[in-house]
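Look at the two complexes coming up: chain A is in both, with chain B in one and chain C in the other.
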Partner chain A sequence: MVELRFYFVDDDLASSRHTVYLLLASLGSAFAFARAYAALITGMTDGALIRINIITTYQDQDSPKGAPGSDLHRVGVFSFDTDNTPPGLYVLTIPALIEAAILSSGALAGVAIDTTQSAVAAFVAASTAGGAIYPVAPWDAGGLAGAGDELSYTGAALIALRSAYVGETP
Partner chain B sequence: MAYVQGPTSITYTFTDDDGASSRETVKLPLGVSAVNIGSWAATYAGEVTAVSNAALTRYSITSEYYDDTFPVAAPGSDVENKGVFTFRTANNGSSSLTIPSIIEAVLIATGTRLSTYIDLANVLIAPVVAALVSGINVGGTVIAPATNNGIDLRSVKDAYKQNRSSQKSQGNRG
Partner chain C sequence: MSYPFTAPQNISTDSVLVCVPVDYIPFFRTFFEQMQRRQTWRSHADYAAAYQVFAQIEVNMVSGCIADLIAEVRALRGLKPDFAAVDPLARTTDMYFSLGDLLIGQLDTRGVLDGTTDYATLSNIVQALVLITNPPQLDEILMALRGADPVVDNILEALRGTTPADETRNIVELLT
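Now for the complex of A and B:
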């Protein structure tokens, strides 16, 4: 299922959205449909269409539950340096962190995450720049430039893990 | 207008053994192709679930496109004046959608339905209804919208103008 959200503003800058759903459309064909459909609906409104979001959702039809004892409030907090100058910090949290990822000895036992643990190391590697595709912090590498900044949006790459520890969230 | 790709967000939703749910969102830089976004999201899902003992129940990819001409709404436009379209669906149900700030010119101009109901024969309305019911040909493939449960829209049951609340002061375009 693909969800198309069309965002309009009026002359007071109040916003509202129009939503339609498509079955089994690829992102490319969904965008082509969205552009053609946008040309039709803009004729019947005097609001301004400013943005289209295309949302593709993948759902596990078996509705799985977590492992016995899993607790979403017990999270792994991973702080990454970003490629700003000076570097920013961006945090990714992992709900229900596995026990095997937590240091079991030393002064930081039970608090810090073992970054040499295989699953942790793989997650950190996948989260930092280096591969062809990598996640980014939602701000520009050069810093925010103010109004119209979306035009120059690049996202700031996560370049290195700064810290990783266990946290509790409400 | 020219639509420019903005940030892509991927939101992973987890469930623990109590049935509580939690989400984590990551963003991708510009310029990643649709195919690569999909494969990266699936691969990263594997990395994330390996460090969590919650179950990953779903993930959503949101690709954003914005109009880089930054269009301005017409004076007097009001997104709370909505065109409400209710459709009959293929399973004999109904489904509604709304168009914000519908223009007066598409409303019925005479008779008892004066200025309240939408003229389905209007030259601006008929193509939209056709697109929703019969679809749009995109590169040789007809794509037709459905309800959020995947049920086809069949015909218009009702179409009228109604004032409904919307978010205020949320029109920041960056």
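Now for the complex of A and C:
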């Protein structure tokens, strides 16, 4: 299943989303369909198409729940240096950060994340390893100018963890 | 509402230091998350530039600017040689020279102190200066320059040795 989300803005820059689903085994053909479909619906609206999301989803069918006391609003905030020129930063957040990852002593006890904790260290290492596939800072998600423009994206590799702390979000 | 990006002159120097209670740091994430959204900014270029500024501020809030400030102060104070092998992140404030250490070092270098008093017990420079009870006299300086003979009244004769000084001879002749 592939989900296509088309985002529009109006004259007040208020935004809205139109969603359709496709039965496709891969994302490849979804690019072309999304562009063709976008051409159809932009003829029906005065809003401006500003973004298309093409999404595949892994869905757990067993409806599990988080551990007792888990809180999605308590996030781990990881700021990485990126290999831009000039150098940049990019932030990844992990929801419901485990308590074991939070420093319990020192000046930032209860706030700073222990980067030596095994799960944290593994996450940071995988994010900054620079292997065949690795996370990037998506500075440009690709344009809407024409066929193939969705691949004109630019991104910067994450090269080192700069800081990590616990954030609270509503 | 979306904002155009206005570049700061220099985020490192043209900033203010805001004291945030550590326990309240997590609540600032909501603000930073909003400032790091694409839709907060008028254009993609505005967003990309603003993202960097707010990401840097967020890093500074939990470590960066205070760490830089501490590093600058410690560089000024200087590390005590005994602690050169200690990991910089594990060093404590007592591993660096204090301003008192630096002041006493200056006085030692100039020969003002006597080398025996425990000046670490003094609280200010006035106390240190009061302890200077035997400043060198002129005759002692001349003695040091010319050797072990007793100092005579005539400074030129004292400097040049055993030949009596003559008031008609100048210092150049005496030295040649």
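Basically, the second predicted complex is superposed on the first by the 104 of 170 C-alpha atoms of A that agree within 3 Å, B and C clash if a C-alpha of one lies under 4 Å from a C-alpha of the other, contacts with A are read in each partner's own complex, and residues count from 1 in each chain.
As a working rule, contacts are C-beta pairs under 8 Å (C-beta built on N, C-alpha and C of every residue); 3 or more make two chains touch, one makes a residue touch a chain.
It should be emphasised that the depicted structure is a prediction, and the values quoted were computed from it without experimental measurement.
Put chain B and chain C next to each other and count what each touches on chain A; the higher total goes to B. Shared-chain residue A:Leu13: touches chain B and chain C both. Of the two partner chains, chain B is the only one touched by A:Leu22; chain C is not. Of the two partner chains, chain B is the only one touched by A:Ile55; chain C is not.
In the superposed model, A:Ser79 lies in contact with chain C only, and not with chain B.
After overlaying the two complexes on the shared chain, residue contacts for A:Ala157 are found with chain B alone; chain C is out of touch. Residue overlap on chain A between the chain B contacts of one complex and the chain C contacts of the other covers 13, 15, 93.
Every residue of chain B that touches chain A in the complex is listed here, in rising order: 1, 3-4, 6-7, 14-22, 24, 26-30, 32, 34, 36-38, 40-44, 47-48, 50-68, 70-80, 82-83, 97-103, 106, 122, 124-125, 127-128, 131-132, 136, 138-139, 141, 143-148, 150, 166-174.
Those residues of chain C whose C-beta lies close enough to touch chain A in the complex are 2, 22-23, 25-30, 32-33, 36, 39, 44, 48, 52, 55-56, 58-59, 62-64. Note for the complex: chain A touches chain B at residues 1, 3, 8-23, 25-37, 40-41, 43-60, 63-73, 76, 92-98, 101, 119-120, 122-123, 126-127, 132-138, 147-151, 153-155, 157.
Here chain A touches chain C in the complex through residues 13, 15, 74-75, 77, 79, 88-91, 93, 107-112, 139-140, 162-170, going by the rule given at the top.
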